[in-house]
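What follows is a group of structures, each given as structure tokens.
Same chain, two partners: chain A is paired with chain B first, then with chain C.
Our next item is the complex of A and B:
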């Protein structure tokens, strides 16, 4: 089978040069081209339990905002978080995050099987409800592992230790001086934190995270390792 | 580092916030004169003592209000803008 390259897909991650420099192997997940694994290591899933960093920026995501957004979202047959700064996983694996009383962020599952983002994007929106596309404005990274919170303590002021920052909790804060939305979304029993931040600063944030991860022997991981963690393997 | 409590996001480092100027009640745009309007838009009291100010939590772009003592730099309380801005204001002379 021919080797996939980032410029063959409709969308490429702002980090594709970093991935190529690390000998990444790519795979198609739905319509998204993601890093499958780096190099030929089979150790990634095991290392990811300790500390891993993945780029999910090519997966679907969107958002909605406005005084009419909560009422409209409630009519869309989805499970909505009750409180701002919390997120709820949907039965199809996608995630709805409530960023304020009137703002929602919706992200796909990592297998891109959910059609929720596409479905909601196709809706004609009622008055005072505004589309807030996130795919081109925000990058999407995932930090996995038992040492993730300790690593974050060097670059983020919010206490993300798992007994302080519960599954589904959100922190809108500063990570390495970059504004970011952090969502705790565990993979199986492994802690996992999604980071959504300004897409133009992605390479800087990626480098800062790798630098902070170095003392904990953190590694870059592909979607194969994420899949393995989610399955609890 | 100083700490400030955002009504939406909780207590955070002051470096996550941006100061947005003093809050003053807006004069009625239909009856105010140019002088009053200019004072409202451009002039600040710069008072020593208890003031109400706009602050923004930049990580979430959330604007809110804070009561602060400018002498002691003590934050008395922070609250959502919806506590004051709870009805729509139409600026047009004859809103459609």
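Our next item is the complex of A and C:
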């Protein structure tokens, strides 16, 4: 099988050069080219339980806002979070995050098996419902592991410790001075935080995260490790 | 190196000897030793020289609370020798001396001290006029302490947030008890102490005649605290300030912790104060607690023969400790006539120590920079001694005459510091909600009272948090006997009774400040500099307040103390500056620019290509890029342009109100220039509004202005309540502008679903389609004055889009061009850049943008002001100029336009035009100068006067044939 190269795809993560420099191997997940793993280490899943950082920026996601958005979304056979700043995992693994009373962020599952994002994007929107290009405006990073909250405390002023920041909780805050939406979305029993932030600042944020992780021996991880954590392996 | 036997020396590890240097001489200490303790163990007591008179100074507190121990380290000056621990090979030097530390030529200044009165600087250097300029270099040369190593690579400093229910500051007996009580009630507790180990005074102070209780209590409390999983202990950590809502900056190592506490309990203890007498600063004279620290923490015998001067019973405990450590005690000199009965006094008497009551140390003598004897005199009345006394030879004098609460954090929180004349002590009150104090900072001295007070403070905190409903114990009664003597201050005919060691201020200095008319304590501070040194008045505030009170016939309570501002302790600049975050934004084509040899510049957080080529060849690169756009085709990255979606039934109406032009009737598929003014009619941004459907506009904004435009849009719509949605999609879209006569030719190769013909896709048309298979919005614009298409595509496709266009344009000689070429191109076309050609006063008429203002619509932001401004004549106008003199220097932005001696305007843009072959520019001039046949004079670099001809705009393609090609 030919080696997958990120610069052969039209849609590229802003971090693909970073991944190549770390000797990443890539794989297709749905239509998205993602890092499968870095180098030839088989340790990633185990290290990710402690502290890992993954780039999921090429996976599908979208957003909707407007006074009509909640009602429209409710008619789309999905489970909506009741309160703003909470997220609900859908039966197909996708995630709906309620950022305000009138704004939703919908993200794919990490296997990109869910068709929810595509389905909603193709839908003709009713009055007072507006799409948001979240797949391109925001990068999508995942920080995994028991030390994630401790690492975050160096660059983010929100208390993300797992006994203070529940599964499905959202913080719209600043991480390393970058506006970010943080969603706690555990993988199996491993704490995991998704970070959605300005895509043009992704490299800066990535570097800040790696810098903050160094103290805790955090590692970059590919989707294979994410998969492993989600399966509870 | 002489050390006392264990268990003395709780902080040192005798198994780990460490070699270090002081003043280029080798010394040995143990791991855990501070520089000062290790030197003391080697009988090196002289550590530094004082700031003003270069007097010899040694350890005073052994707690990092004074400036006496400031030494020079390779990495930083002014390190506190009693705080910094030694490490292998560490090179330590003394500070502030000329010659050698032992023989400092600067100490001759002390002989002239009577010619250097308080306020000397104010008095001496301002007359005659102009003298300050002569004195300043000399004074500045002497000012400051230590040497900064400018070659040193800074260490890595960073920051971390922490969150706790309760933060307890100080891990002495009350702090330990408070932490434990709060934790047992279920609180997450952070216990912070500036010392290396928990226990505070329990580690070194003597609470009973036998000297056993302190250790017992400490061992039990520390064990319980460390066993409690709800408590996090942070040692060697300083809570350096209190900010609103219990926001506590804590410095520990090279990290600044930003801690949020729901409740804060200050158990910060008290600072022992010195007695004020002649030569009270000589090395060998120290606080009694400093001697105890040397003994218990470092196993160092602080002297051979000691005298203890005391105003309380702690002095007796100190004397017992000295005896136990093998120090001969010459006498306990008790300032009190009748000391209150205590087992400590009994024990001292029993051990045969000479006790002199109603006496004081009147003066000290030194030999070879160390204490050699003290003179003891009877106290006749407060501050007055008998005419003669006796001399006792000694090499150690311990002072135990009272304390001040460590009030700094409490006062920063708004606590009120009051003076109680009866106890001769400061007390704290009026603390804000969420802040408690306990222990000796709350004027409790008895160990049991401190423990009970700590538990009580914790109960209040946990009750406030709703974690406990237990009844809060009644306030603990204050002890009957105060440890503070009311007047341990004894003037001497020869002076040198130091009130402030940092600034070498004596009794006379403080009193004379009041006599010079500076009676308020804050003025005394500024005039005398008392309390302005590194220790920030820790040991001078009380004595100064007493002296000022007496000199101004007020009570100490009326006199007060100066404001205690953050930081509590000196902090490295690295703690504030270290690991700051400077966000950087990169377009998805960023690396293609680098690969093409771009010189990047930063515009706000964005990185943008300035030009492509060697920096040294800048002008040629820019000119080449300009010519290629004019003759062939160029490609510029415009991803940084702001992008705003304005959608909804009222989108047109919203833009109509927001921008100066009319938008309601704008046809779908067309773009329209959008000029934005504020309420004052000042031009603040511009862009184009592209109408993609009846209810959908895509509006661009300037790179630097988009955030403000977006905020303004939200603000206005909150008022207007129109049915419109506004979204900032700047980052979601990358963008390029393909411009030049061959632009259509190139674009056509990769864009098959949009008819690019001039008829079907005219200038200022907008289309949606695909470019190189990538969904795109295409806008025909003319910013650079050529046929051009802005292509906006989803950000993550940017690199592929760039590659496709560069590849397709090879036969047409497509080249990327940067921001600098774009600036020249637009200048040739006479287009302004908001922020460069406008300022905070520019209205549309001044910048020749009246054409972009609709007079037909009823309202737009700034419209009313603009209509009023239009009725008046302008005071300036932005005009174009050309410089025909080939030898003249090219003016720069902000160079002045002058008329004789008068400044009549300024240049906003100026550059050599490769197309016209001469420099062109824009400038504000007085309107009468804007006639096309007029000339202006520009004052260029070096004062060279350059004549420029005013010409009509644009400079290039006045009939706009090229952009509409």
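Structure notes:
The definition used in the following text is that the second predicted complex is superposed on the first by the 232 of 233 C-alpha atoms of A that agree within 3 Å, B and C clash if a C-alpha of one lies under 4 Å from a C-alpha of the other, contacts with A are read in each partner's own complex, and residues count from 1 in each chain.
Keep this in mind: a contact is a pair of C-beta atoms (placed from the backbone, for glycine too) under 8 Å apart; a residue touches a chain by one contact, two chains touch by 3 or more.
For clarity, every value in this text was computed on a predicted model and none was experimentally measured.
Between chain B and chain C, more residues of chain A are touched by C. By the touch criterion defined above, A:171 reaches chain B but does not reach chain C.
Once chain A of one complex is fitted onto chain A of the other, the partner contacts of A:84 are limited to chain B, with no touch recorded for chain C. When both complexes are overlaid on chain A, the residue A:99 reaches chain B alone and has no touch with chain C.
Judged by the touch definition given at the top, the superposed model places A:155 against chain C, while chain B stays out of reach. With both structures placed on the common chain, the touch criterion links A:231 to neither chain B nor chain C. By the touch criterion defined above, A:201 lies against chain C but remains apart from chain B after alignment on the C-alpha atoms of chain A. Shared contact residues of chain A, touching chain B in one structure and chain C in the other: 157. Residues of chain A that touch chain B in their complex: 84-85, 99-100, 157-158, 171-174, 179-181.
Partner chain A is touched in their complex by these residues of chain C: 158-163, 258, 260, 579, 581-588, 591, 605-606, 639, 645, 647-649, 723, 725, 727, 729, 731-733, 772-774, 794-797, 799-800. Note for the complex: chain B touches chain A at residues 8-9, 12-13, 15-16, 57-60, 62.
Only residues 7, 9-14, 17, 57-58, 65-66, 127-128, 130, 132-133, 135-138, 153-157, 159, 161, 164, 176-178, 198-201, 203-204, 208, 211 of chain A touch chain C when the two sit together in their complex.
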